[in-house]
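Take a look at these structures.
Same chain, two partners: chain A is paired with chain B first, then with chain C.
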Partner chain A sequence: MNKRQIIIPGDVLSEDVSIAGDGTYVRDGKVYASLYGILSEHNKIRVVPLSGKYIPVRGDVIIGIVKEVTFSNWIVDIGSPYDGLLHISEYPRRINSENMSKHLKVGETILTQVKELDPMMKVELTMRDRRLKPIRSGRIFELSPSKIPRLIGHGGSMISLIKKETNCSIIAGENGRVWIDGGDCNIDFAIDAITKIEQESHIPGLTDRLSDFFEGAKTQENESDKEYEKESILDEILE
Partner chain B sequence: MDKPEKFIIDGIRLDGRKPDELRPMKIEVGVLNRADGSCYLEFGKNKVLAAVYGPREVHPRHMQKPTTAVVRFKYNMASFSVEERKRPGPDRRSIEVSKVSREAVEPMIFTEYFPKSAIDIFVEVLQADAGTRTAGINAASVALADASIPMRGLVSSCAVGKVDGELVLDLMKDEDNYGEADVPVAMTPDGEITLLQMDGNLTKEELKKAVEMATEGCKQIYKLQRDALIERYKKDLEEHKEEVELVEIIAESEETSIESTIDNTDESGGLNDE
Partner chain C sequence: MSEEVMNELKRDYLYSLILKNQRADGRGFEESRDIVIKTNIIEKAEGSASVKLGDTYLVAGIKLQLGTPFPDTPDKGVIITNLELIPMASPNFESGPPGENAVELARVVDRGIRESHSIDLKELCIVPGESVWLIFIDIHVIDDGGNLMDAACLAAIAALLGVTVPAKKYGIGEDFKLPVRDIPIAVTAVEIDGSIVIDPSIDEGRIAGAKLTVTSNIDGSISAMQKSGVGFFTPEQINYVADVAIKRSEELREKFLEL
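The block that comes next holds the complex of A and B.
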């Protein structure tokens, strides 16, 4: 039962300093919790927060929104207390400084990656990767960044389940923004599923409940199909 | 109410409490949707609301510190919080309370984790009945935890006063107005004091005794703060007790790289590279 124990800042977690992980601090040879969240004991002792702001980490793939174009940088809102800087040389192609706003306008959404981070929290971004690109279709959905690992699930199990069931393409940015796209897929349905994950992420057995959620939706769909059939039969009779 | 002749009759105070008894406290966590962390707290007849925003960008810019977060604490009394309508807006008293309250919670926050950012704490007093600054500090530290801001621990706070020549814990309004002294104290769970003020006069021995009494009071309050935070998610966890065995371990899912989700994108189609 200890697996999902709720921890409050200042709780003593262990006397073994070597296993102190994220969300903890060490004082006088003891490990204390520094966050309000759920205890996780797996090699290292950690406290997983239930909410919180996105703090950039090097290598994170994130979704940003351009908020300013300067001489050689795009300033990008990355949903964090710190702004991201995308230098002109980090754009996928070589472009001229005068044409910057032709390629990425203010308000445009981009899939980008944190390239470098200094102690002053200057966040340098890059788009020099095949997978990174401007986002010009689909929808962006925002949830708490602390829920992203839950959305992806164990080995990507959760996100592939949603992808399979809704036929959408889903990319989860580490900063809590999720890009949902696809031809004739059901984006609203995918958002419902993600909302469910956000609300219930701290409750055990989430994957199973989500499978049930999709099962339930399917049966409902069938029923509405039947009703539709009935109606069309009725239409035929009336004609 | 006029000054009563006696505050303590047969060891019982005017509101029926014993000298070392706190007023009942009720704490609710996460009451505001738009705040990053929030808390509603009732302490006797006091009603306070605390909201925490941040870490977020610092405005005005010149306030930002290059290596740590700035903590800003704003204590405000609603104009309807006292019997005689209070002129709204900051005044000398509320500016002072804001300052000492900030100094009471700031040492507990790991400000060095968030350079160049701000953590804003707002405490709004909806109904006042003596000891609003202690109630505000208690609410603020719960709201900070709710906002998932890294902290060394929760701060708890309560006051000790002197009426009828006797030390009593947690003054209510009449005891505060007509009493001889009021000593608000805030401390960490380890008993380190982050706030100590004194209004009125106490002897050296009395002050020593007062801090001891406050320590006991803060311990009780810490328990209530803790329970309130646990209570928020406990119900959900208990409803799904039997499912616990089915759970995949969080840590493993945390370690999952985001790469796998992105690589799958191209297979699922519908996206064309620019």
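The block that comes next holds the complex of A and C.
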């Protein structure tokens, strides 16, 4: 794996204007960085930010929190400077406008998708998909949206590793909110793992270190089991 | 001020933890977050301090000026406390004149310092009825991570401890250190589902029914109290909070005096 190059705003990235991608701007025929982050040079030249708020993109599956119910819309906090709008017709079932807050109350968490986005950043959401639904159990963990690709890993390798090791169901929203559902201890364990990813995502070899992390946790568990056995043997002797 | 909506899942989770005698960040009910205090960080101020309490971060600065006393207290100096909740600190803060929260925080900080007689206002008098020192305590919240009250009180007194009175600048003698006689320290507790939790984080503060701040002094006396929120405390709970606050403030003072 090549060394990752840290870029600060104003760095000259290229003389070729045609490859300017996200996180860059063009001035006087040169491409400059507009963000603080890591350089990425596949096809287009991009700067992947190290942190920052979520900026909605069409098609993103995200986790939102209902913050207001209006006549025909739910206004949803999507962890972004811009609010999401979920129109009544985008709810999975046909419902009456008067019953809106019976179906989704203020404070409720939903798994939703960005349906449409206009240049004024009016974000329209939808729940008309089998995967999308209100979230009523488990826990929501928030991390920086820029870390989500690392949490998912190549082809979902990282997230399926965590799912397998912790027995939790995990859904990562593009806006940095992660829904974890399972037993209480398992959720804590999964959050430990995700926190580790968040802290060490910029250091290469993350998957290996995470495997080690799970191995370590397992051996610890075994040891505590052994100790427990020892204690129970001692108890028996004492008795 | 618009309040950020509390996620119901998170609220349920926090409640369930409280029932199990646990807190989201693994602290005990009487345990506060780590505190870092830095003093004399602003060169142009007569005294200054920054306080980091967990994620909460704020800066206090003290300026002294000559002015006329209030007509009803001609032989006393004046303390003016102001607290600024800048929009950068939290999505809930708006720019503009100080809101309800900012005024409450400033007044409780002011009350703690004033009523503990930590600063003798009579010593700040130069010519009775004509000229006295005005002390401006300005607190800026940089990041709201919950429990601004304790952090603000701590920053104010830490800044006051390092104040040099700029007498030379105004041509009335040599500069001298502002005499500070007491160190009032505030400790805040919240009631969540009948349990008492010290130093609430931002989420705990949001789900709390009631909040109680107790400011206590070196001799264990109490100089300020403030209760807010729609919930209630039983008399036993108030006594308990006061006891914990006095104990906790002693610990903090020990740390403090080393500064």
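We adopt the following convention: the second predicted complex is superposed on the first by the 233 of 239 C-alpha atoms of A that agree within 3 Å, B and C clash if a C-alpha of one lies under 4 Å from a C-alpha of the other, contacts with A are read in each partner's own complex, and residues count from 1 in each chain.
Criterion: a residue touches a chain if its C-beta (ideal position, glycine included) is under 8 Å from a C-beta of that chain, and two chains touch if they have at least 3 such contacts.
This is a predicted model, so every value here is computed, not measured.
When both complexes are superposed on chain A, chain B and chain C occupy overlapping space and clash. Once the two complexes are overlaid on the shared chain, A:66 sits against chain C while remaining clear of chain B. In the overlay built on the shared chain, the residue A:139 is in contact with chain C alone; chain B does not reach it. Looking at the superposed arrangement, the partner reaching more residues of chain A, out of chain B and chain C, is B. When the two complexes are overlaid on their common chain A, residue A:85 makes contact with neither chain B nor chain C. Contact with chain B, but none with chain C, is seen for A:163 once the two complexes are overlaid on the shared chain.
Within the superposed three-chain model, A:77 lies in touch with chain C and out of touch with chain B [touch as defined at top]. Of the two partner chains placed around the shared chain by superposition, chain C is the only one that A:106 touches, whereas chain B remains out of contact.
Shared-chain residue A:13: touches no atom of chain B or chain C.
With the complexes overlaid on chain A C-alpha atoms, the stretch of chain B that clashes with chain C is 75-83, out of 21-29, 75-83 or 93-101. In the complex of the two chains, the chain B residues touching chain A come out as 36-37, 54-57, 66-67, 108, 110, 113-118, 145-154, 188-189, 225-226, 229-230, 233-234, 236-237, 239-241, 243-244, 246-254, 256, 258, 260-265, 268-271, 273-274. Considering their complex, residues 4-11, 13 of chain C touch chain A. Residues 1, 3-4, 6, 8-10, 23, 25, 27, 32, 34-38, 40-44, 46, 48-53, 55, 60-61, 81-82, 92, 119-121, 130-131, 133-134, 146, 149-150, 152-160, 163, 167-172, 174, 181-183, 185, 200, 202-205, 207-208 of chain A are the ones touching chain B in the complex. The touching residues of chain A, when paired with chain C in their complex, are 65-68, 77, 105-109, 135-140.
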